[in-house]
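Each chain gets a letter, A, B, C and D, in the order it is written, and its residues are counted from 1.
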Amino acid sequence: MQQPQLLHEEKVFKDPVHRYVHVREKLIWDLINSPEFQRLRRIRQLGTSFFTFHGGEHSRFNHSLGVYEIMRRILETFEGRIQLSYEEKLLCLCAALLHDVGHGPFSHSFEKVFRYHHEDWTRAILLGDTQINRILRRMGDDFPKRVAEVIAKTYDNKLIVSLISSQIDADRMDYLLRDAYYTGVNYGNFEIERILRVMRPHDEGIVFKFSGMHAVEDYIMSRYQMYWQVYFHPVTRSAEVVLRKIFQRAKELFAKGYSFAQEPVLLLPFLTDKVNLSDYLSLDESVILFYMQMWRKESDPILKDLCSRFLDRNLFKYVEYNPRDYRLLQELKQEFQAAGIDPMYYLEVDTTSDLPYDFYRAGEEEERIPIMLLMPSGELVELSQKSEIVEAISGKRRFDYKLYFPMDKVLALPEDVSGKLRERLGVMEDA
Amino acid sequence: MQQPQLLHEEKVFKDPVHRYVHVREKLIWDLINSPEFQRLRRIRQLGTSFFTFHGGEHSRFNHSLGVYEIMRRILETFEGRIQLSYEEKLLCLCAALLHDVGHGPFSHSFEKVFRYHHEDWTRAILLGDTQINRILRRMGDDFPKRVAEVIAKTYDNKLIVSLISSQIDADRMDYLLRDAYYTGVNYGNFEIERILRVMRPHDEGIVFKFSGMHAVEDYIMSRYQMYWQVYFHPVTRSAEVVLRKIFQRAKELFAKGYSFAQEPVLLLPFLTDKVNLSDYLSLDESVILFYMQMWRKESDPILKDLCSRFLDRNLFKYVEYNPRDYRLLQELKQEFQAAGIDPMYYLEVDTTSDLPYDFYRAGEEEERIPIMLLMPSGELVELSQKSEIVEAISGKRRFDYKLYFPMDKVLALPEDVSGKLRERLGVMEDA
Amino acid sequence: MQQPQLLHEEKVFKDPVHRYVHVREKLIWDLINSPEFQRLRRIRQLGTSFFTFHGGEHSRFNHSLGVYEIMRRILETFEGRIQLSYEEKLLCLCAALLHDVGHGPFSHSFEKVFRYHHEDWTRAILLGDTQINRILRRMGDDFPKRVAEVIAKTYDNKLIVSLISSQIDADRMDYLLRDAYYTGVNYGNFEIERILRVMRPHDEGIVFKFSGMHAVEDYIMSRYQMYWQVYFHPVTRSAEVVLRKIFQRAKELFAKGYSFAQEPVLLLPFLTDKVNLSDYLSLDESVILFYMQMWRKESDPILKDLCSRFLDRNLFKYVEYNPRDYRLLQELKQEFQAAGIDPMYYLEVDTTSDLPYDFYRAGEEEERIPIMLLMPSGELVELSQKSEIVEAISGKRRFDYKLYFPMDKVLALPEDVSGKLRERLGVMEDA
Amino acid sequence: MQQPQLLHEEKVFKDPVHRYVHVREKLIWDLINSPEFQRLRRIRQLGTSFFTFHGGEHSRFNHSLGVYEIMRRILETFEGRIQLSYEEKLLCLCAALLHDVGHGPFSHSFEKVFRYHHEDWTRAILLGDTQINRILRRMGDDFPKRVAEVIAKTYDNKLIVSLISSQIDADRMDYLLRDAYYTGVNYGNFEIERILRVMRPHDEGIVFKFSGMHAVEDYIMSRYQMYWQVYFHPVTRSAEVVLRKIFQRAKELFAKGYSFAQEPVLLLPFLTDKVNLSDYLSLDESVILFYMQMWRKESDPILKDLCSRFLDRNLFKYVEYNPRDYRLLQELKQEFQAAGIDPMYYLEVDTTSDLPYDFYRAGEEEERIPIMLLMPSGELVELSQKSEIVEAISGKRRFDYKLYFPMDKVLALPEDVSGKLRERLGVMEDA
């Protein structure tokens, strides 16, 4: 292992959320300046949310620095409370900084259509032939692997894993604060200083002094509100639906041998399902948006229409949908088809759900590590046993179903057909 | 003239700077939803500043809504003080909303290389075959032209022009506050509520009650600080230099008949100097960034290198430059050439200057309308005659000259050549 | 009724919470400048909370202006939605401004000991021989009475009453925001603009559009957090306990004919239970604090000690107390007595409780008007039926019991007595 | 010297300006809890400013904690840059915390009339028979004296003195930020984090890296604005004039043997000019306000009237005054006298002046230590030589003269007398 190096002088990034992001280690500085990390500047943190909250245009670069900074501050509060080696600290910092490095553009939709997981790309970037890998290896040949393990939650130190992946970790704390700041929505605010003050290291993961329970409650409530107010906003989801349909259509056209005016070179690896690391790293939001510009001039009416909708924010309208009403959906599909509106691309149910907080339920999928309170007696007690507010929402998954379709197309139908369809959809006029 | 329509219910945009942007007119709502206005989401307000201040990723869409909102509030304060017709108010609101609609991606650099003015495109968008033109024409056939005149400062109502183009107008007030908010820099803050409270309509343009002079001073100082702290930051300018060189190289290669791996379709109109409105509207930052991705894989070493630099933020280093030292520059060019580093692309003086405030100087180019104070006596007095702070900086143009070059290329030269060059450049080591 | 007058020009107060407080009516302006209203500058909004949160030093004057300003904004949002007469609007504004005008210094403790209700004094100030009464009567002879009725919740327009006294009204909204701002505690923040946007007038009181339910939830949670984090903070309550004991001791001494070094002239009316309006209006916090300065030099050891404790913030310590453990309390009293520490003044159980939100329960004491949501269908639904978070906490009264005593006095006892007492109290050492 | 003690666990105060005030030393904790320091809770930081800005009700306790916290952070940035002994650091912290401990109520006016300097009382509290002295002496017998010397600027380490008393020190930085926060005025904001980052220790006092010059400029401008917008606000000064007149009248009456309804016990030492430390420590704002309550019921019409004016905020009106117009003043005095309004108490010129920044001028009274910039070359350069903005205002003392008088009394005169007087005063009507 090469001796870790400090910078001559601490460097800082001006950050509106944390005031300054402080960097003292040359390793961190070099990681930030690697091409793979700089690429995150070209991928927005909130995907299509900017269509709903125009301020939400910040990148994953922005957020990743924030997570790093929170981790740095957590480690500072641990001083004198737990003995972490210099290497372990760096491990925490690197994992915080790089936890999102494998994200692609509009991940949510793109991954669904092209069937991959950004987590796998994160691992590939850490372990493959990249600048990041070379920088990390300065700390030892297995250091990149250890960083990958921390991010994948398979690292054997539970405390370290919990700092970046638990129900209250550096990642979540940063994005709630940051997304609230940029969108201008108040809900995401909570007192991070207070939470950092009551956080204590423990073998099983971070725990929180009982005296700070209300600050933790407040954080849980912020999270809950941000999910329903911002992350799951129906307009944002409408843009995601349109986006998925674009990818789906391009994929279908390509599969059918459709001839594009100009070959979509940077997407070919995805269309042919032969993506290598270098292909993946060339992908960012500008690539997707560029092809939309090209495709809005294509001859295929569906691809053309969908791309224009996305670029011009002419999104789908939505109505509430009852998932038990499966027959209605089937009938609507037939009626859309009959009216000449392809239901494959123009009628879609979008489901979303959130579990605001959960205690541990052995054996269930997606087990969640509960938040533990450290009582004055030294005992650990699970949060929902002390907080009635958290108790009220814990373990309750809430669902939301909406049916999306292009209202303008429905309105453009002959009056009787249109009227009937709108009656079925439950939308009498365009609000 | 079609009767103007109000929305059923006021619509709002959540905005972190002004809390809410309020829209009551259907006309404004439709303009915001036009493709030409939505395009502004794909053009950043601060160009390359995000390389220096990572928070500065917000779009011109964002800012344009803000200017509109400030204008709306100004008109509100005018109620009962001046008689503006409903049409004139709409004129103000439209001009505020659309004043930047002709901006292209990285305008500063792109316009320089491809020799056009975004102001001309703004006019073309307002008057040409666009959705915006069709919407504006609802207010009468000459309404688009009147909006264009207000933006071009040729409209004959001085008051209306001054609201959008003077030394303290809706545009400047929004961008100072907004850029400060997103970058996290404090300097741009001033008390806009106070300024709106002391603003008074006057035949010659807006004036300010003397009792609010300190708020105006504070605004002028904010502007001064933002220019030197943010807008002219040397790292941002370095990115602009690299960007200009990319465009310049692409243009040169194209002129020479260089064969690109894939034809840069969306840039062809610019490279051949035959741009029509539709071509221009297809241009946005994603197009530029896409071609950088393509070009970083081109065979031309200069284009390839410059694109990688921009995408990976491996920018040029800078040293102070004395503009009188022209001979030094000539010699350096020769030395760069001799060392195999093309000075045309790798050695550049960048000059910037700012005139923080000026009173009127008849006959001078770029005449500035002075800020007038309304004294208790009713008399108008020019700001710098009352404020010694403003007096101190008014009319004083401040310049900054920097010499940019790629330090890594210099360091990669044989040691003696490198050492000599660095001595000439005045940089002994890479900080 | 005299014709209401507008000010020549709107006046404003700079306010850190609402930016500006706007006054247009001469009536409001004159009320603010009346001696009875100015007196509120000498009474702190948060009583003894400043001992816990040093920033919480703001006065009821401060808060009263804020409530007025929120009311003004609510009325603004009502424009075009409901027809309120000019007189009714003034009624709302006056009630908002004056709702706390009868408060005395450290009301909570002072009222308990001297057995009165500040509500009665509010009524007396509105209806009695005061400047405020004279100003209000300009609007008609029964106007003061109507203002008093609105404040007392007996006015027959339920909507108007609900604006100032319901579970989400101008008073509560201001104090949560204001107390959060001054103490620096984050919990009290909620999006008041959003709440004002979704508020709708209704015959039965204000209701809230369903689309704004989350903003209302957020407000309820803020309220809940502020109660437990700030208002019921055990240190604040310790100061209240000491304060009550001071008043109790002074009262007892006076009753016994104790001869004070100087007669407490301004308190005599209270000690003799013959208070008239003028006596009451002379009472403020400076009077109480002045007498503490005097009394800390008195010969009575208990009064002297208690006053020093309050002035020097040498408060009582506390331990949790189980209200069912009544015998322990009795025994402790005896042990204190035996040890020479008068339990009447030095051992006190303080109980506090909060009901964060409640729906209507007919016939119960202290009936609360529920918060109603206005569904898209036009139907009204009670909040907790839609919000599971609110449902979780509604109707659940939470109690907190603490036992207060002077730790220093216990520690000063002979070691064995002290050790035993501390064991009984459950405090082994002074933390 | 007793070994300094750390607290078991760091204690914090929630502070709205600095988020948290951190205390680690038992010595600091004990000082904060001393009666002499707690007394600062009963003395407002901004004297009578709350009459103009209702939010400005915060105490000197509040501010003193803030100065301490800034000092703590400055010392943190010095780590690794300069070798300060533990004792010197404590010296800095104590001086920061205690620098205002000798302030009395409404010092500005009270000191003028009763002719003392709070600086002398600060010294007396540090060195006399006080809890603070006993706590400080734990660090050695001469420690209190050393703290006093730092505060008095006579300590021989210039760096340490400059941290608390220079043109940019912990005291000024806290009060600008704090007063801006509480009043809600924006002007006082500057980027303290940036200033702390560019601050460097130097033998001659703190200096600032040239790269941070703009942050220093911004601070100087904030200071300038706060002085003229807040501290010298004419309404605040009107309250000070009234206050001075009250003290002056009470003093005169006492000297003449006037018999007060009740002897003003706590003011007697001041009226008889025999104040000892204990007397002084019993004095706070509540004492002053209490006596105003008593005196507003006195028989002397002037004392009575002035006290009512202060308590009810019925202050004096003001007009601009030209100091060269001395004859006008003399004549006005005669005319007031003739009209039965005692000019001694009802006609007063108030002068205020500010020198926003100054470089060193040897031999002049009130020499100011200039702000020095540390150039990249290592050279020190005085600020105004680099900053044209600072240069513009440096060394320029600005004066403001106003003439104060009770408008109501003038208006109550017979119409011809009143009209003439108002003409002389230049106020035609009551605005």
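Note that a residue touches a chain if its C-beta (ideal position, glycine included) is under 8 Å from a C-beta of that chain, and two chains touch if they have at least 3 such contacts.
Note that the coordinates shown come from a computational prediction; the quantities given were computed from them, not determined experimentally.
Novice: Computing the C-alpha centre of each chain, which chain sits at the greatest distance from subunit C?
Specialist: Relative to subunit C, the chain with the farthest C-alpha centre is B.
Novice: Once you count every C-beta pair in contact for both, which comes out on top, A-B or B-D?
Specialist: Pair with more contacting C-beta pairs, A-B versus B-D: A-B.
Novice: Measuring centre to centre with CA averages, how many angstrom lie between subunit B and subunit C?
Specialist: Result: the chain centres lie 52 Å from each other.
Novice: Take the average of all CA coordinates in subunit A, do the same for subunit B, and state the distance between these two points in whole angstrom.
Specialist: The separation of the two C-alpha centroids amounts to 31 Å.
Novice: Between subunit B and subunit D, what's the gap in Å when you average each chain's C-alpha atoms?
Specialist: Using C-alpha averages as centres, the distance is 44 Å.
Novice: Check each residue of subunit A and list the ones that touch at least two other chains.
Specialist: 19, 185
Novice: Going by the contact rule set out above, which residues of subunit A touch subunit D in the complex?
Specialist: Against subunit D, the touching part of subunit A is residues 12, 19-20, 193, 197.
Novice: What residues on subunit C touch subunit D, complex-wise?
Specialist: Residues of subunit C touching subunit D: 8, 13-17, 19, 33-35, 38-39, 41-42, 50, 53-55, 57-59, 61-62, 65, 181-185, 262-263, 265-266, 282, 284-290, 293-294, 308, 311-314, 431.
Novice: Using the touch rule from the top, collect the residues of subunit D that touch subunit B in their complex.
Specialist: For subunit D paired with subunit B, touching residues are 185-187, 189-191, 194, 214, 217-218, 221, 224-225, 228-229, 388-389, 391-393, 396.
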